[in-house]
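Handing you this structure, nothing more for now.
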């Protein structure tokens, strides 16, 4: 069987590639060959939303890389379902460059923020499936792990999803509120407490 | 000589990169700058076939990653032919983004489903070459492996190829039948039994 | 907690990907199908600035890969801030393909050389944040490291940043002076002395 | 100092990425949305040269991956020059997707085959620099390695370069002769004997 270490190494590869591919979505603007420096400068400002989407997506993937590591740190065995759930999670992570490009291109549309939110939800849900499968009845984790520790671990896993849902709802008020929430959540988990981090 | 572990690590790198590059084939639609959210939403539906092709190709590569691991788990030594067959297999895997993009762009054409099927056949055949070379006369595997285990292992390796051939034949009836078979085969092997998995 | 070894391995993956993605920014020129060989030859010369930007960016990332390794070689423990600063550093490194493409496309504009310089500064500053955090009060490094060694290590970390700032200032005279400085700095550190290299 | 193992692992990452990026240069042809299957089929034949260039470049990089491993298998220590020469070699390898795309797009031009040949020469020369530096006076290799073994190892390293030079010369007769030689050389080293392979 594939060991947790091997699955984790493969996942790390996918994380490193996705996080690096994001920049390919920011294309250099096409301008006349002998454009003046100030015209180019002005033009670069229109890349602002793409840059913001780049930084946001980089942070989201970075936080999940950390959280994925903490989760696999507790997993002792692997089985087929773990492989499947992890593959679905990696599919969600690999998908992020698309909604990132969409949000960078059409940041003022509810459609783009909703698609981005959908990707965040898919990533969060598949990530939680991994832990749900592994921790239920101590199936793949250390049998000595106290139940209350497992129960507590779920808090940090649901709160971001609820935040994203609230953020998506706020898009009916203004899409910038949604984007603000998308930015705050990974920043919080990066600087304060990573989901699934053991104390 | 290159060890099986080293070949496997290199192959894992290629798997991780191909599976992550797939998303680059789904491009954000080009629309007027101040497109309305609902126009963008409608436009996104035309990406349906590309998304399906993305998920399909992700699963195919994911299943082969698992199967590749199980195969190399049984290989004890490496020789030049193993290197060559593995390189041909990796070439087939690395090729998949092209038929995936073709199928996503022209899903209604027999040409696209045939090219995709050809890529699946090439991948399956080169994958079987690895195992044929390694297992024949116990050349690169544990000499204690019973013959009936090796013989049984071939079933799971030929059935998907026969399914793909039948699927390609069905494209003369309707291409959607072919696509349905392309989807069912990896789903079956992902959820039920991976080719070459030891019991 | 994530160990320094694991953070380093992940960083190595990002380095390898970014350094390899750079070539994707050099696109084959679009010419009539039956272009003559000499017309193609002439056209290739217009790729000169892109090629120079490719080589420059390759060297910059290569030098940082070496320097990153030397830095992590001295780090014994990891904490959350190290993770965050390393992630910010990787974001700066992953960002380089964009200013590289910009400089290759518009090498005669002050805007392009300034954006490239900005990326170099960001990379240098986030790289120094890692070492500042790790070495301060021997927080994450060997407690036996003499203070004067740490103090000396800062020289090699600030000089390139000052060079880049001077180079950016020289862009008001001529952008080619700036580009010359951008080329000399990594060449110097590649051939003579890597920043943070232990004696 | 960076160990040979670490340099090799980083190089493996670059190899895996370059070999996988090659497919991105084969773009799906742009056709009217409801193109007939037979029109698409006809159009795909125009991709022939790109496919050939893909397979050729895949084999070249694959052969160098094997040869690089054999070389580093003999290297015991690392120094700055090894790092620099290896970085130059990786730059040459990472550069290959560009001449590969050029050859696939303009296979009938002497310019494209010459640029491809130039990339092959650069790769071969920088690869030989690594071995020249490491083996001279047994600088970085096992001091017990007999001199005649080192001397013999040079044959397999110069013959391909001479073949490429002859091939480039033959482009004045017909470019297809050059391409034939580019194909035969890696095929020979893949199937018969890898440069630098120990007996």
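Couple of notes before you dig in:
Residue numbering begins at 1 within each chain, and the chains themselves are lettered A, B, C and D in the order written.
Heads up, the rule we're going with is that contacts are C-beta pairs under 8 Å (C-beta built on N, C-alpha and C of every residue); 3 or more make two chains touch, one makes a residue touch a chain.
These numbers were taken from a predicted model, which means no experiment stands behind them.
Contact with chain A and chain D alike is made by B, C.
Least-squares overlay of CA atoms from chain C onto chain D yields a rotation of 90° to the nearest 5.
Centroid distances built from C-alpha atoms place B farthest away from chain C.
Looking at which positions face the partner, chain B and chain D present mostly different ones, since fewer than half of the interface numbers are shared.
Taking the mean of the C-alpha atoms as each chain's centre, chain A and chain B sit 26 Å apart. The distance from the centre of chain B to the centre of chain C, each centre being the mean of the chain's C-alpha atoms, comes to 37 Å. Across the assembly, chain A contributes 13, 17, 21, 24 as residues in contact with two or more other chains. Chain contacts here close into one cycle, and each chain has exactly two touching partners.
Applying the touch definition to every pair of chains gives A-B, A-C, B-D, C-D. Within the complex, the chain D residues that touch chain C are 2, 6, 9-10, 13-14, 17-18, 21, 24-25, 80, 83-84, 87, 90-91, 94-95, 97-98, 101-102, 105-106, 108-112, 115. Across the interface of their complex, chain B is touched by residues 12-13, 15-17, 19-24, 26-28, 31, 34-38, 40-41, 44, 54-55, 58-59, 62, 65-66, 69, 190-191, 194 of chain D.
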